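In the two complexes that follow, chain A is the common piece, with chain B as its partner first and chain C second.
Up next, the complex of A and B:
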C-alpha cells in the first residue's frame, strides 16, 4: 500500500493560516487533483506533504508517519514534488539537472534514456544550461528530473503555469503517460478543465479548506464547480 | 608539452621568492607571502560564496579565530608553546566549529539577509577579541598578543636564515614555501570538492534551494558543511598569519578585510579556482606596486601630486566599477557563470 493519507493538516505562515484542517487521501495508482483559486492553499499543502514547510496534523505515506521526517528523507520514501515555477537549476546543463534528480540514490544510465524517451526535446538540449530553455522545456525538465527520483507518488504544482496552450497539451499528455506507468499522481492546478480531464478524483480548495471532493466526472457536471472554475 | 608547461610553472613558483629576494628585496617577498595567505582566504570564501552561494560578509572572523588560536597557544601570553603540526589543524578545526556556530542560526536566511547576519558575526568576533582583556585577560585586548613563536617545522625554524649551499633562505622565503604548500593543498581540495557529490549538491542549493530540497538533498547539513569547510581554510590561513607576523591584534580583522576577500573572489571569478587565485594575487600585489607612484611623481614632477595611499583606493574603486561594467562574471569565470551572462 503506497497511498498517501493526510488528516487535519494545517500550515501557518506567522499568524496567517494558509491551510486549515485539510484531510485528503490518494490511493496507490490513483490520479487526484486539487483545484482552487490563487491563495487557496494548494501549494502550501503540497509543500507540507513534501516537508518543505512545517505543518500540524498527520501525514502518512505507505502507512509511515512523515511528520517528524525531514524533506530529504521523504524523497527516499518515494514522494517527489515538482515545485511551482519549475525550479530548474538554471546554470547547470539539462543533463546535470536530470542527474540531480537521482541524487538520493544510485541511478542507472538507462534511466536517463527513459526520461529522454518521454521528452525527446530534452535530449536535443542536454548540454545547454537549463536557464536558456523556454518555459515549456523547463517544465519538461522539472518533470523529468522528478522522474529520475523514481517517485511512487509524483506531486506536481501547477505544471501549466505560464505556458502556451499547445505546450500545456504536450505536457499533460506526458503526465498521463507517467500515471499509466503506475506512478500515483497528486496534481495541483488552476486550470480546472485540464486537471479534471486527466484525473480520477478531485478536491476543491477555498481559503485554506477543502470545500468539495468528488470524482472528476461529477465535478465536471457540478454546477458550482462549473460556474466557479470552468467559466460556464 | 603539457608536462613541460607544468614543470616550468612549478620551477617558476619555486624560484620566485629567491629571484624576488635577490632583485627587489625582502619587502617584496613579504608581499608575495601575504598574497599566498590571501589566496588561501579567497579559496575558503569561494567554497561558501562561489560553490554554495551563501553570501558571507564576515569571513575575516574565521581568519581571526585561526590567528588567535595559534597566538594564544604559542606565545608568552599563557606561556604555552605548542608545535605547528598541532596548532594549524586545531586552528582550522576551531574555525570550522565557529563556521557551524554562524551557520546554524542562519540556515533559513539567504542573500542580503544572510549578508547582514554574517557581517554582524564578523564584528562580534572582533569586538570580543578587543574586550576579552579584562576582567580575565585572555586576548590581551586591543594591544594584541605579541612574542608569538615563529613558524617551525620540526627543528627547522622558519623564522631564522638558513644557508643551503649557494642559496640563502631568509625568513620571508621560508614562509613562502610553507604557504605555497598550504595553497596547493587548498587548490587540490577545492578542485576535488567541486566535482564531488557534495559539490554538485552545493550547486543545486545555490541555484534553487526549494528544488534542491525536493530532490532529496540535505540542505541543512550541506549548508553547514560549506560554512565549516570555508571557515577551516580561513582558520588555517589565520594560524599561518599569526606565526609569520609574530603579533596579532583585533585591528587586523576589520570588516574592510572581509570586503577585500569577497572582492578577490568576485573580481577573479566566483566558483572558479584559477579565477579566485588570480583575483587574490592581483588585489594583494597591485596595491603594493602602486606605492611606487609616490617616488615616481617626486622624480618626474618634483612633488607628490597624488598621494599613493589615496590613489590606491581610487584605483581600486575604478577597477571595481570597470570590472562590473565590462566583465561582471570576473576575470576567469566559472564556465556555468559565463554561460549565464553571455550565452553559449
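Up next, the complex of A and C:
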C-alpha cells in the first residue's frame, strides 16, 4: 500500500496558473507539510487533491487514480480535507456538523463520543449552530468533523489562520495526537515554524512551484528557509 | 364575525395550497439561490394531468376519493420527472453562469411549458368532472366542506413530513449542508448534484399535490393557471423569508388569509367601488409592504457567519 502520490499536477484559474507541474509524495503514516507565502498555490494544490478544482497531471492515493473520480467519492477512499477558513456549516448545529463528517459511511454512536472526548468544548455546544462558535471552536469542529470521516490521509489547510496563539497551540497538539494514532498528515501552513516543528518532511512552494523539499530538521537549519519563512 | 370566520376558513384552505407551492420555490432557492420561475407551470401540469386522468375514470363509477387519488398517483410522478428534467436542461448547464442567465431560461421554460400544455390540453378551461360528493358542515354559521378539510389536513401532513425529512434525516442534513456550502458538502461525500435533483423532485411532488387540490377546489383548470398561482406562491415564499421552509408555510397561509379577507370585506369597506375581484392586488400589496419594512421576510434572518 502506498500513500499519496501526485505527479506534474497543474491547476489553472482562467489563464492564471496557480499550481505548475508540482510533484509530491506522502508515505503512509508520514507527516508532511507544505509551506510557502500567500498565493504560492498551496491551497489550490490541496483542492486539486480533494477534487474541488480541476487539475492536470496524476493524483494517486493508495494506488488508485483519483483524477477520474468525482470529489464526493474521494472521502470514501480515505481522503479528508479540512478546508481553509474551516468551512463549518454555520446554520447546522455542532452535532449535525459532526454527523456530516460521517455522511459517507455508517458511523457508530460511540465515534461521536470519541470526538467529544478530544474536544469537550464541542460537547458543551453540541446543540448550538456552528456559526455561533468562536474561530478556535470552529477549527476544533472542522477537525472533529474530519475525524468523523475516519480518514487515512488528513489534509489541513491553514489550521492556525486567525487564531490566538494559545488556541493554535491546542489545535496543533490535537493534530499531533491524530498523527500519532496512525493517520497520515498533509499540512499546509503559513506558520512555517509550527508546521516544521510538527512534521517529518516539508515541501516549500513559491509561485505555484515546489522549490525545495527536505526533512523538517534540515529545513529548520536551511539559511534560505530561515530567512524567507522563519523570520531570521 | 361570521364573515370573518368564513373567510378565515376559505383563506386557510387557499393558503395551504399556496404554502405547498411556496415550499417548492423556497427549497430550490435555499439550495441554488435561484428562483425557479417555471415552478408554477409544474403545478399547472400536475393539475391538467390529474384532470385528464380523472376525466377518463369519471364514468367507471369508482368512489370520488379513489378517482382523485388515482389522478394524483399519475400527476405526481409526471411532475417529479418534469422537475428533474427542468433542472437538468435549464439550470444545471448554467450552474456557473451569471445569475441572470438561469432567470432567463426559467422564464423561457415557463412560456414553453404553457404552450406545450396548450397544444396537449387545448386553450379552453377543462372542468373538473363531478366525481366528488362534497359534504358541508355548518359550524355556527361558518360553512366548511369536506374538501376544504381534506386540503388543509393533507397539506399539514405533507408539510410536517417535509420538515421531518429536512430536519431529522441524514438526507435532510445533506440538503441543508449543500445549501450552505456545496464545496464542503462534497468534501464530506455528498453528491451535491444528486441532492439538487432531489430537491427539484420533492418540490415538484408538492406542486403536483397542490395542482390536484386547485383543480378540485376551483373545479377548473387550464394552461395558464400556473402563472398567477406561481406568482402568488412566490410572493408567499418571499413573505415568509425565501429559503426558509417554515417561512414558506407561514407566508402561504398568511397570504391565503389576507386574500380571502380582502375578498370578503373589500366591497363593504370601499362602499362597493372595489369588489372582491381586487383581492389579487392585496397579495402584492402585502409583498411590497414586507419588502419595504422587513426585506428578509417574516422568518428570514441571515445567520451571521464568523470567519
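Criterion: the second predicted complex is superposed on the first by the 231 of 232 C-alpha atoms of A that agree within 3 Å, B and C clash if a C-alpha of one lies under 4 Å from a C-alpha of the other, contacts with A are read in each partner's own complex, and residues count from 1 in each chain.
Heads up, the rule we're going with is that a contact is a pair of C-beta atoms (placed from the backbone, for glycine too) under 8 Å apart; a residue touches a chain by one contact, two chains touch by 3 or more.
As the structure is a prediction and not an experimental result, all values here were calculated from the model.
When both complexes are overlaid on chain A, chain B and chain C end up clashing with each other.
Using the contact criterion defined above for the overlaid structures, shared-chain residue A:3 touches neither chain B nor chain C, since it reaches no partner. Of the two partner chains placed by superposition, only chain B is touched by A:128; chain C is not. By the touch criterion defined above, A:72 reaches both chain B and chain C. Residue contacts after overlaying the shared chain place A:83 against chain B and chain C alike. After overlaying the two complexes on the shared chain, residue contacts for A:162 are found with chain C alone; chain B is out of touch. Of the two partner chains placed by superposition, only chain C is touched by A:138; chain B is not.
Residues 50-52, 70-73, 75-76, 80-81, 83, 87, 89-92, 96, 99-101, 103-104, 129, 131, 145, 149 of chain A contact both chain B in one complex and chain C in the other. Residues 197, 200-201, 203-204, 207-208, 210-220, 336-337, 339-340, 343-344 of chain B are the ones touching chain A in the complex. Here chain C touches chain A in the complex through residues 170, 173-174, 176-177, 180-181, 183-192, 303-307, going by the rule given at the top. Residues of chain A touching chain C in their complex: 50-52, 70-73, 75-76, 80-81, 83, 85, 87, 89-92, 96, 99-101, 103-105, 129, 131, 133-135, 138, 145, 149, 162. Across the complex, chain A meets chain B through its residues 50-52, 70-73, 75-76, 80-83, 87-92, 96, 99-101, 103-104, 128-129, 131-132, 142, 145-146, 149.
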